[in-house]
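You will see two complexes here that share subunit A, one where it goes with subunit B and one where it goes with subunit C.
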Partner chain A sequence: MNPDLIYFFQTLLNGLAVGSMYSMIAVGYSMVYCLLNRVNFAHGDLYVFGTFISFSMMQIFPIPAAILFACLLAGLIGMTIERTVYRPVRDAFRLVPMISALGAALVLRTIAQIVWGTEALAFPSLLPGGYLEIAGLKLFYKNFVIIGISLFIVIGLTCFMRYTKLGRATQCIVESLSTASLMGIPINRIIPLIYALGGFFGVVGGVAYSSYYGVVSMDMGIWGTIKAWAAVILGGVGTTYGAFIGGLILGLAETFASGYLSSAYKEAVGYIVIIAILMLKPTGLLGKKRIEKV
Partner chain B sequence: MILSVENLWMYYGQVQALHDVSVYADEGEIVAVIGLNGAGKTTLLKTIMGQEKPASGKISFKGTSILGKSTNDIVKEGIALVPEGRQVFATLSVYDNLMAGAYIRNDNKEIQQDIEKYCKRFPILGERLNQRAGYMSGGEQQMLALARALMSRPKIMLLDEPSLGLAPVIIKEVYEIIEEIRKEGTTIFLVEQNAKRALSVSDRAYILVNGEITMSEKSETLLNNDAVRRAYLGV
Partner chain C sequence: MKKAALKDFFSKKSTRIFLLAILFAGLTVAPFVTNTLTKRIISTIFIYSLLSMGNMVIGGFTGMLNLGHAAFWGVGAYITAILMTGYNVPFSAAFLAAGIGTALVGLVVSIPCLRLSTDFLSLITIAFSYIFLAVVRNWMSVTKGPQGIPGISCINFFGVDFSSANAVYFVLFAVAVVSFIVISNITKSKFGLAMQAVRDDELGARSAGIKPAQVKILSFVIGTFFAGLAGALYAAYIGYIGPNTFTFDTSTTIFQMCILGGLGSIPGAVVGTVFFVVMPETIRTLAVYRVGVGGVIMLLLMLFRPQGIMGSRAFATKDGIQERIKNKLIARKVANVQKHV
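Moving on to the complex of A and B:
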């Protein structure tokens, strides 16, 4: 095959894998974002915190158990964050929950720095190492594993939202808290679950990210928040697959930018793509159109 | 007495919203609360539903106090509110809106039967079952809001200004439906600015002025009361 073409497909495959990782972090973020309708600053630090937990647990327990434990713990912390920093200020001015979430993020970050230090740590590569070579194209197994896991998560969550009673109730809550409660939906029992799911899948994404790059560091937190937020805005608020598509596009844009221009431009190009899409379609690619009737 | 509110006091901060309000509804009745904008009608309904906390007073449903219960538990008891401005879930389909109304039920078979029943009763809902509720007109949304509330099979239905923002012909239809709902055994407690409509359909009515009940009479009597006619009926 033509080397240029090989390079293109190689970049495409890498981009899809990177995008899938963004998607995993974004789908959990998306659910919470719908509820809050504002940036959840605690998400990034929560998923990195969970990834650190899985890192430490792996030293003692078998790897699947360590990851599961970390995901569940992050879910629990997510619920705690909802209860302590979001619920008390639910009806307050919209800036207030953002600030209290920043506080929660700082608490998590500080604990992480005390326990694991401020340096980046080498994370074990849990993904299969080899590759399959077809016509000069190296198909890395780890890329396919990542893409597979994120597809599984997004399809699962979409089905959950659409076909389960809990998922339908979540959609009602997202649209209007007070009307949802008028349907008999116990909002204060369901909202914590949504935060738990956000934390849980965030850590799945975080573990995937850290094993892919072989590193875990607290810096991933703020970048994760920004990327997840960008993915959600890009794909459209209100749908799980919107966040997924947004994450993919962001990952592809960045990977192609570093592959064809320079890795220095990758973030900038990612955001230029977002701005361009939002200029053409302000609700995001798949965003639900809000209908305001007077 | 299916619903009784006694000596309810309620404040928004320093502002008094309800002033020693006592109202009740007997089983099978249509009871109306007439009042102008800001009289406290919506506040009264929200307080019954547990969405606002009163300073003092008693609220009971079938003889048991429901004060302090969460909204979702109050719905489970058998009270449904059709909120002001309908508040359908705009991004969800008509079907999903009806399913949301049936959230407290677990008898899936009968839920589907009820959906069929209301699609017959409100043909527009049947036609638009898979469309987004937000694309419907105000009148159609009001039908959906009524059907959605009925999906929980309430013993009593609270209606917050069912005529608000609707064309006269639609208002007429809405009130016909309200009478039908009562015939099927659901008690109706409604608050309205549209005094003429509300008084002609209800058995008894209260006049609410600045958070205070000033009159409580048979609706017929109020329709012929000079002061009421001047203040609310524009004659």
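Moving on to the complex of A and C:
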């Protein structure tokens, strides 16, 4: 096969894998974001915190148990953050919950720095290492595993939102918080649960990301928030598969930018693509138009 | 009774002018009676107060969460440094160029709010602060990468050198005072009211004939203009700039200054600046936890007093913890009175 074409397909595959990891982090973020339409600055630091916990747990427990434990703990921390940081200021001015969440993120980051230090740590590679070669094209198994996991999560969450009672109640809250609570939906039980789910799947994405690149550091936190947020807004707020597609586009844009231009500016190119798409379609690719009423 | 009298005393205009005069006199005498360290701290406060006042216009008055203010500061500093070391431009010209150039960058960054919601702008400002660092660290031929630009000559207005520590102090003092007067007059003008209207209720503002997108962009340009001026002063004051000064952490610190002082109040920005510049100097052992301390302050303020020390009522919550305690106390008082009746 033509070497240029091989390079193209290789970049495409890598981009899909990177995008899948972004979308795993973004899916949880999307659910939290669309609930109250408030930016959640704590999400990035929460998932990195969970990844750090799983890293420490792996020294003691078998790997699957460690990851599960870290996911559950991150869910618990997510619920705590909702209870202490969001709920008291839920009806306050728009900026207030954003700022308090940023405060929570900084506190989480400082705790992690005290416990694990400021340096990046080497994360064990949990993904299969080999590859399959077809006509000069190297198909790495780890890319397929990551794409598979993220597809599984997205399909699962979409089914959860559509077909379970809990998921439908969540959609009601997305539509209108006050109406939902008037209809007898226990909003103060469902909202923490969604925050917990966000933390849970965030850590799944975080573990995948860290074992793909073999590194975990606290700098990934705020960066993850931005990536997840960008993916959610790009795909459109309110749907899980929107966040998935947004994450894929972001990953593809970055990977192609670093493959064909320069790796130093890959993030810049990713953002320029997002801003360009959003300027043309402000609601995101799959988002519904929200009409503001007085 | 005593509390009311105290409140009366502080709300009088004559008292306020008296206190301001004392502060002014104190700051004028300060360089002659204090040591170098104190002078340095006060000079840093002057530079940072330019930043926090600019960010206050953007965040406190127009309601946009700007988390990339340090990057705009960096743009101003790098414009000054490159013009002065590479092209031998005099400082006064570089000073203006930094302000205007940074304002132009701010204009470009804020253009997306023509079509997008305000929350999205904070994403763009965070992204901008990271992109700025990536460009500065990798564009070796212009910014000299991570090692920074040394050897920037001192502040010099129209051929007069301000090289001694006292002269620099007074230049920074003058710029800070002038900027304070300009910014507080902007916020009290018709445009300032328009900014607050956009912050409080965008739809209402639009129905009153205000164009929210225009107001947002213009206030962003004003805020970043002052960040650019601060960058120029910083570059010439320190004499060296590197990318590590203009990180995301610095941006959050600048924003924390605004929150602590009180969103929606320009004097508040200065008060917050004084706290966040003096705090790390006094508790050096806690310097590692500075970010965490800032986070805890943000959290507690938002939960108990979102309007900060002297901020606008627009940020005060109706059912925050502070109000709830107050209501409980009032209820207890009422119950007591009823018992006696």
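A few comments on the model shown:
In this text, the second predicted complex is superposed on the first by the 290 of 294 C-alpha atoms of A that agree within 3 Å, B and C clash if a C-alpha of one lies under 4 Å from a C-alpha of the other, contacts with A are read in each partner's own complex, and residues count from 1 in each chain.
Just so we're on the same page, a contact is a pair of C-beta atoms (placed from the backbone, for glycine too) under 8 Å apart; a residue touches a chain by one contact, two chains touch by 3 or more.
Since the structure is predicted, the reported quantities are computational estimates derived from the model, not experimental observations.
Once the two complexes are laid over each other on the shared chain, residue contacts for A:M183 go to subunit B alone; subunit C is not touched.
Taking subunit A as the reference chain, the count of touched residues is higher for C when subunit B and subunit C are set side by side.
After overlaying the two complexes on the shared chain, residue contacts for A:Y271 are found with subunit C alone; subunit B is out of touch.
When the shared chain is aligned, subunit C comes close enough to touch A:V85, but subunit B does not. Looking at the shared chain after the overlay, A:Y163 reaches neither subunit B nor subunit C.
Residues of subunit A touching subunit B in their complex: 165, 168-169, 171-172, 175-176, 178-188, 238, 288-291, 293.
By the touch rule above, subunit A contacts subunit C in their complex via residues 39, 85, 88-89, 91-100, 102-107, 109-111, 113-114, 222-223, 226, 229-230, 233, 262, 264-265, 267-268, 271, 275, 278-279, 282, 292, 294.
Of all the residues in subunit C, the ones that touch subunit A in their complex are 59, 63, 65, 67, 112, 115-120, 122-124, 126-127, 130-131, 134-135, 137-138, 203-204, 248, 252, 255, 259, 263, 288-289, 291-292, 294-299, 302-303, 306, 314-315, 317-321. Against subunit A, the residues of subunit B that register as touching in their complex are 49, 51, 70-72, 75-76, 80-81, 83, 87, 89-92, 96, 99-101, 103-104, 132, 134-135, 138, 141, 148, 152.
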